[in-house]
Structure formats: C-alpha cells, structure tokens
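You will see two complexes here that share chain A, one where it goes with chain B and one where it goes with chain C.
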Partner chain A sequence: MKRFLSSMIDGRGFDIGLVSLPLAFLLTLSGLPLLYNIVMSFQEVDMFSLGSFWRPFVGLKNYRDLFAQPETWPILANTATFVAASIAGQFLVGFGLALFFWTSFPGASWLRGLFLVSWVMPGLVVGAIWNWILSGDFGVLNFILRETGLIDGNIFWRSDPGFSLWAVIIANIWLGTSFNMILLSVGLSAIPRDLYEASELDGANVWQRFWTITLPMMRSSIGAIMALGLIFTLQQFDLFAAITSGGPNNASNVTQYWAWDLSFRQYDFAKGATISVIMIAFVMVASVVYVRSTRHEVRG
Partner chain B sequence: MTAQIELTNVNKYYGAYHALKDIELSIRKGSFTALVGPSGCGKSTLLRSLAGLENISSGTLKIAGEVMNAVPPRKRDVAMVFQSYALYPHMTVEENLTYSLRIKGVAKAERKKAANEVAAVTGLTHLLGRYPRELSGGQRQRVAMSRAIIRHPKAFLFDEPLSNLDAALRVHMRKEIRALHDRLGATSVYVTHDQVEAMTMADHVVIMRDGVIEQQGSPLELYDRPANKFVAGFIGSPAMNFLPAIGGQDGRSIILDLGLKQTIALGRTVQPGQALSIGLRPEHIELAAPGEGILSAPVALVESTGATCFLTMATTPELSVVFNGRSVARAGDRAGLNFVPGSMHLFDAETERRLPG
Partner chain C sequence: MAIRGSAILGALALAGVSLFGLAAKAEDVTISVWSLDRDIQPAPNLISDFNKLNTGIKVEYRQIQFDDVVSEAMRAYSTGQAPDIIAVDNPEHALFSSRGAFLDLTDMIAKSTVVKTSNYFPGPLASTMWDGKNYGLPKATNTIALYYNKDMFKAKGLDPDKPPQTWDELVDAARKLTDPAANVYGLAFSAKANEEGTFQFLPWAQMAGGGYEHINSDGAVKALDIWKTIMTEKLASPDTLTRGQWDSTGTFNSGNAAMAISGPWELDRMVSEAKFDWGVALLPVPELGAERSSAMGDFNWAIFSNTQHPAEAFKVLEYFASQDDRMFKDFGQLPARSDIAIPETGVPLKDEALKVFVEQLKFAKPRGPHPEWPKISKAIQDAIQAALTGQMTSKDALDQAAEKIKAVLG
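Up next is the complex of A and B:
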C-alpha cells in the first residue's frame, strides 16, 4: 500500500493515474456509444426493441437496404460535394487571410482577433444570419449579385434545388475560415524569418519564396488543417438544420443530417446507425492523415 | 585600390533611433574586413544594409561601382552566412547548396556537378544527402558557407558565423574561413564581437561603438596606435591598463598617480598640468627585482596557464601584467616594474582621444 502511494506521488503510478482518467472518460462517453452504434447497424431495430440490447442480428441487411434506396447515392454525392467544397473554400480563404495578416500592418493582430468572432458563434445563430443574407426576395447576397450585374433575377438560395446545397456550403465556409486562418497563422509564424532572408539573398522573388519556403514549411500544418476540416465538415449539422433542413427534396441533404433524420424523426435507428458507420470509416482515414502529418513535422 | 563596397555618409534610423551614424567605409576588392564592436553597436545593421535586408536612411551604398541603395537583396549578388545558419530545414544538404542555382533555372545535372565541386572543397561530400537536423553544429556551419561559395558572389557577408560553435572548433574554423577566402579571391565582410577573431582573420578591422566607426585600419595599426581609449581598451587581451597621470612641470615628463605619485620621463613633450590617461598593455610591463624598476608594488594575484603568467598588482587602479614563463613572485610579495620603452599610449583624460604626435 505504501509503495503504491509513493508511486502515485512521484513514480509511474502518477503518470498512469493521469492518463487513465481521461481514457476512462473517453471510453464511456465516446467508445461505448461508438461500439453500440456499430452493433446496432447489424441489428433489426424497431420501436419495441429499442430498449433492449439483445436484438435479432440481420447481418448486412441494413447496408443492402440502405443502398437500395434511391436517395442514398445522391446524398452521398452531396456529402462529398459539401466536404470538398467546404474544405477547399475554408482553406483558400483562410490561407489568404493568414498570409494577409502575416504582413503585419498596423492593427493586424487586432483585426485577426476579430475574425475569431465567427468561430465562437453557435451554428444555429450563424444559420439564422445566413438565412437573412441568402433570402431570395430581400437578401443582401442577391442584392449585391444583382447590382454588380452578375445575375438578372433573384436566386432562391434555400429553395432552389440547384443552389440549396451551395447555400449551406457558403455559410459553412464563412464559419470555418477563421479556424483555418488561426491554425495557418500559427504555422506561418513558426517559419523562421531568416529563411526568407536567406532565400531572398539566394535570388528568390516573392512567388519563388512562397513555393519553395512557405508551402513546404507549412506541409504539416496544411495536412492537419485538411484532416480536421474533413472531420469538422462531416460533423456540420446545425447549418443544415437552420438553413435548408436537407431540402428541397433531399437536394441539400448530407449523411450527417440524414442519419439524424432517419433515427430521430423516422425512428429507423438501424439505418441511422448504418450511415454513421459509413461516416466513421471516412473519419478514420482523416484521423490517420492528421496523425501522420503532425508527426512528420519538419522543423529545426 | 579598387573598392568593391563603398559607403559614403550612410545613416540608418529605426524610427527615432539612430543606428548608424555617418558611416564612411571603403572595402577593397579581395580584402577580408572585420566589423567589430560590443553587442548592440550596429554591426549587424551595417552588414544587413550591405545585403539589402535593411534600407539605409541616407547616404550612398555602392557595390562593384553601382549604387545599390534601392536595389532589392536578390539583385545585389552578395551572399550571407547567418549566425543561425538559416539552412532550409526541408531540403537536403545538396538542395540547400543548389537552391540559388535552382532559382536561377540551372539544369539539374549542372547543379549536381556544382554541389559536388563545392562539397569537395568544404568536406561535405559524404553529407550531401542529409537533412540539416541530422548535422552537427560545425557541419551546419560548413553547409551555410558552401551555400554562399557556390554562388561566386560579389561579396561574402558573415554575421558572427562562429558564435554557436565551441571554442576549439571556433579556432579551427577561423583558419579555415580565412584560407577559403584567400583561395577564392573573395571579398569578405565579417561581423564579430570577438576582437581576437577580428585581429587574427582580417586585413582591415573596423571598430564600431554606438553606430559610429571609432577607428579602422590594419590590425597592427589599431594595436599600435589606437585613436582613443575605447579602441585601446577593446583591442588586445588582456585589456590595456589605464593609469591616471598629469603632465610634469618640465613638459617632458608625466606624474603617474598610483596611490603614490611617480614621475616618469618621456621622449616627447606634454602640456604641464594636463590631465592624462596613460595606456599600458599588460604585455608591455616587465617584472624587475624588488626595489628596482620604475616603480614597485605588491602582487595581489598570480594566475598561470603554464605557458603564460598573469599578474595583478595591488595598486589603485589595479595593474595587470602578462608575460611568458613562470612567475618567481607570489601573491603578497613586492615586485619592481619596468615599462617597455615607447610603449606608453597617452590619451587626454577629458576627450579620451590619443594625444597627437
């Protein structure tokens, strides 16, 4: 007992104690639900068997049924579009802003701080604001596009099947840009200044410095931000709930919203779980990319 | 004498801070020039102004005869070795060396050939495939130098390149850098805060303080005829002794004030009664038998490295003495002292300038 206590105070016991607490927390609140979700995707679940764990196993039936539904492939395609366009938009705008603020003009750090505002806002609030901006009749976006002559008639962003997904993408890009910018700013400021001076003396102009110094030195930051971006966009739910509710007619529906809809509105828990499992596979890939890119830091 | 780098009346301000004041400097083609001075005196600022990494506020800067005031660094054709080395961490040694060639659009085979040639000279051949993080401090230093050499620039600029190395390696690299300079026939400007480095490596030494060039000349000129007390105290190790004195009434002697007064005849004239500061290098004071010599004083401390002996005399101010060999005197003994004839430097106590003549 005494040895145990002393190892708790200044030995390995302390380390193990420190690690086990969050591990236990993770296991109960994330690990078990995850497992339960996977198990459920192989079971037949209805309103009556909802309360019990031992339900009839049906093998891959849920997966087969899911892919037999006509809306499955379009929704998967929507999800891919949503993820790709959101990540690309967030990254490009975020990187542009990070580079812009990196030039450190007076008030740069102050302004950069202001950008965090978008990050602390709840998705539902952001959605509500974008609802106004995107509104078909009196929205600001339509007004700007019309005045600049880019469009003739109003676009009904939220109810036009051709635009509804893009309405959510635009809002999501706005929401995620500041996070991208902050992370990329950190990466930029970690590049030693003298590398740029050396490369400038070696004859490189601004573009050459960007391609040969900035981008390669940012590789791990960019890998991390891409992987996190994939995870965050696959999690994005609030904006769909607030802006389009997946409509019209599934035109802007994505897996994460659909899973919720199936489980909690149509009470088809098995299919909801099945979609979630498919999403888990994608997130796993992203996590591996993330871990690898943060491990391959090239510094010093 | 062709000047490779020429600065006329150069000033540099950081906001209100006057970092370089009326710099006049001409650097001969093929020479090795050292900029030396205490930390914060503006050496790096001057060097970075040559490179174009800082813009001068006024004056003219010429490199190879062309005015460079507003020319960006990449068009000045000078190479710099940074104190931090500034190696590109994501590139191998070979890629580091050939970076400038790649930017210029030189073909890959040719780049490889150039890298191999330079690596053979600097002893990096077996390290070409490594990344900077896999190199020791000395090896990184070599890579930084090679990266400059491969370009055949109009001038090499060094900013305290050896300060991150240990003492033994520093002494070795000193010789190596100088040998490379001679071999390449290059023009080099070398910043250091270490006067020994400046004295041993350079043909021309520029001593700075607070943004001002205090004196410039060959190392021995500075040693033999320092223009003021600052230069006199900065050059030489151990540092020069400064003794208060006043000009004797006959105008041909001084009265030293070392606790007790001591009259010493001079081979020159001074103003009677003028307040002076007498500079005497420790190596120009000789030990004599007790009771003999110009003056006699108790020994406070004896330090010996075996080959060289450092004595501190218990006078006010203290006198340090250095000579080769072993000391017969011990702490507490009295010893006589002689000054090597003609070795006294006379400075005005007020202005700290060397007395003319």
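Up next is the complex of A and C:
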C-alpha cells in the first residue's frame, strides 16, 4: 500500500495516472462514437430504433446500396477535387505569405496577426459573406471581373454546375490560408540563420537556398500542415451549407455534407454512418502521415 | 342531535378529503409542450395564458430548434422521455403517426365541443391524418401565390389589374417584363435542392393532374418544361437553383424581379421594403378552368402516444384551438381555419394580399402525408435540379424520380 502510494506520488503510478485520464477521455468521447458509427453502418437503422443498440444487422447491404446510387461516384470525385484543390490553394498562398512576412519589414508581425482574423471567423459567417460575394447577379466578384474586362456576362458561381464546387473551394482557400501561414511561419522561424549565412558565403543564390535549405528543413512542418489540411477540409461543412447546399444537382456535393443530408434530412442514419466510415478510412491515412511527419522532427 | 352532528361532521370531513384529494390530483398534472416558437410567437404566449387560468393543469414549455425537431423528438420518444405535446412540421407528421408515436385523437375530437374538423381548411387537416384517423390538429398554415409589381406591369404595357392566369400567360408576362439592361428578371422563385424546391414545384405538378405518386405524368412533365423554359430563357435568375424563397423574394422587393412566387411570411418585409405598387394573384393554372392547387406549410400539434395524461393534454390542445382567432391578430400567422375571418390590418396592400392568400388556402394540398416524405421529396428535388441544369430532359428526370418514389412507396 505504501509502495503504491509512493508510486502514485512520484513514480510509474503517477505517469500511468496522467496518461490514463486523457486516454479515458479520448476513448469515451472519440473511440466509442467511432465504433458506434462503424457498427451502425452494418445495421438497419431508422428513426424509431435510434435509441436502441441492438438493431438488425444487414451485413454489407448499406455499402452495396450506397455504391448503387448514381450520385455516389460523382460525390466522391467532388470530395477528392475539393480536398486536393483546397489544400493546394491554402498551402501555396499560405507558404507564399509566410515567406513574405519572414522578410521582416516594419509591421510584419502585426499584419501577420491580422491575417488570423479569417481563421477566427465562424464558418457560417464566412459562408454567408462569400454567398454575397459569389452571388450571380449582384456579387462583388462578378462586378470586379466584369469591370476589369475578364468576363462579359455574369458567372453564376453558386448555380452553374461547372463553377459551384469551385465557388466553395475559393471560399475555403480564403478561410484556411491564414492557418497554413501561421504554422509555416513557425516552421520558418525555427530554421537557424547561420545555415543561410554559410550557404551565402558559399555563393548559393536565393533559389538554391530555398530548395536546399528552406524546403528540406520545413519537411516536417509541411507534412503536418498537409495532414491537418486534409482533416480540416474533410471537416468543412459550414461553407457548403451556407453557399451551395451541395447543389445544383449535387455538382458541389461532398461526402461530409451528403452524410449529414442523409442522416438528418432524409433520416437514413445507416447510410449517413456508412459514408462517415468511408471518410474515417481516409482520415486514418492522413493521421498516419501526420504522425510520421512529426515523429522525425529534425531541428537545428 | 349527536348523531346528526357527527353525520354532518363526517360528511364535511369526507367532502374535505375528497376536495383535497381532487385538488391534489389535479395539481399533479403537468403537461410538457415542445415547439420551435420564440417568445413573440404563439406557443409560449398561449401557454402562459393557459397557466393563468388555473385549470389544475400546469403546462411546461420547451423551445427546440427547427433542425432538431424530428431527431430530438424521436430520441426522446424512443427513450421514453417524450413530451406530452409537440409541434411538428406538417410533412413530418405522418412519420410519427404511421408508427404509433402519436395518439389517435379521432374519438376525443368527435366528443369535443371546441374542436370541429369541419372548421379547418382541408389541406392542413389532411396533413394531420393517417389511415383515416386524426393524429393532431393544424397549428397554423401558409401557402404560396404570385406577387407582382404593378408599376412594372404598367411600364411594360401590361394591365396591372390582370395578372397572369395561366402558365402561358405567366411565361409571356415574364418575357415582357425581363429587362437585362435594367437588371430585372421576369420572375423570382425557388428551385433549391431542399424542401423549398419541392414546396414550390409540387403545386405545379398537382394543378396539371400529377402528384408525388405519379410525378412523371404528362402534366408534371409539362410543368417542369415550363420551369425549364423560364430558366433557359433567363426569365429568372440562374441563382434560383441555389436560393431559397426568402432570398429570391428579396430581389422582388428591391425591384430586380417583376413577379415572385412566395408566401404570406413575406408581407411585413414587403410592406416596409418594396417602394412600388404590388399585388398578389392566385398561382397560375395550366389552362383556364384547370384544377387549382397550392403548397401548404407550417406546423401541426400532436400528442405523443406514451403520454400519462391524454385527456389533460387534449384539453391543452382544445385551449390552443380556442385561441385560433388570435393567431393572426397577435402573432401574424394564418390560422388553419376556414371559419375564422382574418381581421383587417389597416394596411391596404396587406389586406388585399391576405384575401388572396386565404382564397388560395382553399386549394392548398399537403405534401404526402407519407412517413418517408423526406425521401420522396429528395427524389423530386433531384429531378428538378437535373432538368433545370440541363443535364436531363424533364421527362427523363421525372421518370427517374418516379422510379425512386416507387421504391419508397413499395
């Protein structure tokens, strides 16, 4: 008993106690719902069996039904486009801005802080504002494009099947850029200055310094931001709800919005769960990338 | 004397006990009510008025959010914690009643001196029915009709006292009124991929002899073709596909659309925002003399079947129904009653409009009722969007919808 107590105060017991608390938290609030979701995707669920756990198991029927629906593959393709384009856009613009603010000029850190405002704004507010900007008849974006002579007629960003997904992507890039910038700024500031001084003495130009020092030193930051970006874009729901509602004709529908629509609009909870399971598989891959990229942190 | 005295005492005691007992029993009855009404809307106000009557029934109110009504109610019902009374959106009523979650009120209504089914408009009443039985009472109702800008009618040489009567006249008028140079579309409506799209399209299909059970009938195909004409000729904004009724009618108020299809919930905003003379007309029909129809919205009251106090809960509903004449005056909502006249508001434009809406209500039809309405509705929305984006013909799109609906109807 005394040994147990002393180990609790200073020893393995203390460590285990510290670890078990968050672990229990994670298991109950993330692990169990995840498992429940997976179980639900193999069951027949309707509004009236929502409260009970023992529902008829139907095997892979939900999965078969889902892939028999004509809209499934287009929506999966939309999701892939949305994720790839959003991450690419957020990363490129974010990295560009991070490099820009890295060249310390008066007010650089101030301005960099201001950029975070977009990240702080709730998604629904951002969505409502972009809804106005992208509006076909009265939108600011169309006005600017028209005045600069880039387009002749209005583009119906939200309602043209060729543009609606890109309308949400544009809004999402705006929303996520600042987060990318801040994380990459941190990575940049961790690179020791003497590396650059040494390479400059050796006669390396700006491009060579970027490719041989900045990028390799940023490897883990970039890996982390990519993985987080994948998770954040797969989570992005508010913008779809506010701008296009997945329309027109599913042209801008993605799995996360569709899962919600199936579960809470059509009350088809099993199919909603099935889509979520497919998404979990993707996020798992991202998590592995994230964990691996942060494990080999090499600094200095 | 002694005997009489004790007898009186005994009687008094008995009376006292039974009185006390009755009072205690009545005191115990608490009825819980869920609805989405805010403090200025009917439910909380009617409930606080009811509680002041001290009827021995105490009503507790809980406000729930629109998006949560069904899922919250279902969760509560399946775990045995449902309220006694709930207000549900009318197309979702059948989902509950078909599964026995709502109490069959047929007998209680038949005996009631307050509630008479013949006093209700047929559409709202039908939405509370399942299998020929009453599972609730309409709480309020609304419908859609055609708003039009009289000043623009005059400017384009149309008679402001003769709004379009038929679909062809509507398209003709829209063609004349559309003026891209002035940023004016002929018509504003909503074909959004949610319940609003179905709400707006279904009346068109019904007027032409279609309906959700035969959504690919020739009439329904013609209706969707008319919508397609309106969209491809840009007589309405392409954003009609992603814009709800409220935002679409906003463009009418700002003078960017000459006509708009929407409901009476627009009236107050229109009175204050629209800087022109406007009127309301019944929804145009396929051809003169054709059957009229319109959409029907708003919520119904219902009692959960696992209530401990069905009689008391029904008394509360009776009270709500007895206050229907306050619905418009105090809360600006239309009662679902044909025996209650809408009082004059003193705003001429609004009073004229309300007359049309009350007339239109006579033809309003419920969506369904069917327990799997959301799936049926989704099939219709998909068809509308597939046709209007030009990805399918109206016929093909509605054929596909009919097939999906057939699978749901079984």
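Here is the rule we use: the second predicted complex is superposed on the first by the 296 of 300 C-alpha atoms of A that agree within 3 Å, B and C clash if a C-alpha of one lies under 4 Å from a C-alpha of the other, contacts with A are read in each partner's own complex, and residues count from 1 in each chain.
Just so it is clear, a residue touches a chain if its C-beta (ideal position, glycine included) is under 8 Å from a C-beta of that chain, and two chains touch if they have at least 3 such contacts.
Computed from a predicted model, the values in this text were never measured in an experiment.
With the two structures aligned on chain A, chain B fits next to chain C without clashing.
Which of chain B and chain C touches more residues of chain A: that partner is C. Once chain A of one complex is fitted onto chain A of the other, the partner contacts of A:W110 are absent, as it touches neither chain B nor chain C.
Once the two complexes are laid over each other on the shared chain, residue contacts for A:Y267 go to chain C alone; chain B is not touched.
Of the two partner chains placed around the shared chain by superposition, chain B is the only one that A:G203 touches, whereas chain C remains out of contact. Contacts of A:P192 after superposition on the shared chain: chain B is touched, whereas chain C is not. The three-chain arrangement built by superposing both structures on chain A places chain B and chain C 150° apart around the Cα centre of chain A, to the nearest 10. When the shared chain is aligned, chain B comes close enough to touch A:P216, but chain C does not.
When the two structures are aligned on their common chain, the gap between the nearest CA atoms of chain B and chain C comes to 51 Å. The interface of chain A with chain B does not overlap its interface with chain C at any residue. Chain A contributes residues 192, 194-195, 197-205, 208, 212-213, 216-217, 219, 298-300 to its touches with chain B in the complex.
Within the complex formed with chain A, the residues of chain B that make contact are 51-53, 72-74, 76, 78-80, 82, 84, 86-90, 99-100, 102-104, 131-133, 147, 151.
Those residues of chain C that touch chain A in the shared complex are 67, 70-71, 74-75, 77-79, 95, 99, 101, 183, 192-194, 237-243, 251, 256, 374-375, 378, 382, 385-386, 388-389, 391.
Within the complex formed with chain C, the chain A residues making contact are 47-52, 71, 135-138, 156, 158-161, 164, 243-251, 264-268.
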